[in-house]
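Structure record follows, encoded as structure tokens.
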């Protein structure tokens, strides 16, 4: 169901009835719910960190500050898709992820997502601890030379890492 | 609750319990559900077109091909937010929307969203009929001179309008 | 949009695209999300209590302990439905609500729902304060003599009000 | 992840961030989404029928006509729960399921759910074909002698099977 590799972390998902809209295809907000499942899977099975403990006990969160997403090929009920995640930048308080959805050998969705580490107690932005940075770095790879993403500058650290 | 003006279409929304996550703030995929509510409100109250008939009777849809979104300030349960929509580009088969969420006088979320007109019968991309283009054009305005959006080229029509 | 009357509290809702499934009708879990919207509307506009403050500041919640629901007539995108709520029992720590959904003059959904007052700090069941009981009592009415509901005994207070 | 046994079909689920509300526990409508996942898993892995094909190719659906649900113990993020399903009645056009959620050895949620076979083309109620009845019957067992459920009569077939 999941694996860490040179191409990053992968988790397989079944497209279910509740993901789909009256057009019979995935309603796009549901992809973002699936991206969050992928993030949880990455913590639990890729990083070897307990995501629930991260949230409930450590009271830390990784809300999305920015997302840039291309929907190329629709998915429909019953499809099995491969969701992939890799890290393309580690900032002071943020990480930038490259997320993609694949099915039947084709790229269906690509996204670049910036997450910021915060305290769930007061919402304050936190610096990423060195030990966590080291874990994230195991999934680091250069930004893909993808026409849809490479032309856009990474978010300015001074803005993201405030 | 809604109005058409020079700044585009606006619809007011209450942030509800079900939009919020264990951190007590809006779970970001729920913003995209709210964006879809805004689109429906724009059809029904801004364009004066029946969105349900558009989908159910005319069997047409406007799936999202691209979305680029900045989350600046979180929203929490009980907040009343103003959601605004304007059209920044009308292509052969697509429209590009500028969507934003405002609360307490601050910009909380900004997004640029590309929607493509399709047939719900077979998923085929359709040219936007002239009468519909004319309606959309009533909400057309130049792309905002926003550092976060202006630096990115609009999607190539040849790609989007295939 | 809402009103208090002898028939209880009413709030009108538009059935939206995101409520509907690939069959083009409301996906039944979405009705329960709408029931929660109705509860919030009842607090805000019926009881005159700020639901968000109840949750966020007073840190109290009303989780569902029991729900019994009949789905009679489906709803589809674009339908405007009337959602009605009245109180049929006020216990030590719980209230039992009669909830229904109406459209085009027909009863579409009926439900009996038991909510329990808890502290969000530790999940402990709380006795309903007399002032809150008095507010709830304004919407109290006998259980409907409905074949689908009347034959079932109300939950035993000793069980629900533990 | 799943198994057929004398106690019915079982599927294990991870409680995720998006299932939980600001109180940090599963928002009850999400249990019904999970019940639907369980139904899909039962088709795919228990009955050996392709649920997606059932919906998309055969254009048949199993909407819920009635649900009666007790929420006993809350679930929180990171919990692994066992969801169990068995058939307690097979009618002309409907099946009644006994569904339950278990965690840490305790029963957390119990439900009795009536599903009706319909055509997705026109919404018409269909008789359950003998071959499908035979499949369902493999998971048939007597209704549990549970105080919370046994006191309630099964829905009258003449009403459900209209």
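Per-chain residue numbering starts at 1, and chain names A, B, C and D are given in the order in which the chains are listed.
In this text, contacts are C-beta pairs under 8 Å (C-beta built on N, C-alpha and C of every residue); 3 or more make two chains touch, one makes a residue touch a chain.
Since the model is a prediction, treat every value here as computed from it, not as a measurement.
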_Distance-maximising chain from subunit A - centres being C-alpha averages_ = C
*asked:* Centroid of subunit B to centroid of subunit C, CA atoms only: how many Å?
replied: 31
*At what distance in angstrom does the C-alpha mean of subunit D lie from that of subunit C?*
23
_Between subunit B and subunit D, what distance separates the C-alpha centroids? Give it in angstrom._
36
_Can you pull out the residues of subunit C that are in contact with at least two other chains?_
17-18, 22, 24, 27, 29, 33, 36, 55-56, 77
*Could you draw the chains as nodes, link the ones that touch, and say if you get a line, ring, star, complete or other?*
complete
*Which residues, counting only subunit C, touch subunit A once they are in their complex?*
17-18, 20-22, 24, 27, 29, 77
*Would you pull the subunit B residues touching subunit A in the complex into a rising list?*
22-23, 25, 27-30, 32-33, 36, 55-56, 61, 63-72, 74, 120, 123, 151-153
*Taking the complex as given, what residues does subunit A use to touch subunit D?*
14, 16-18, 24, 33, 36-37, 40, 50-53, 55-56, 76-79
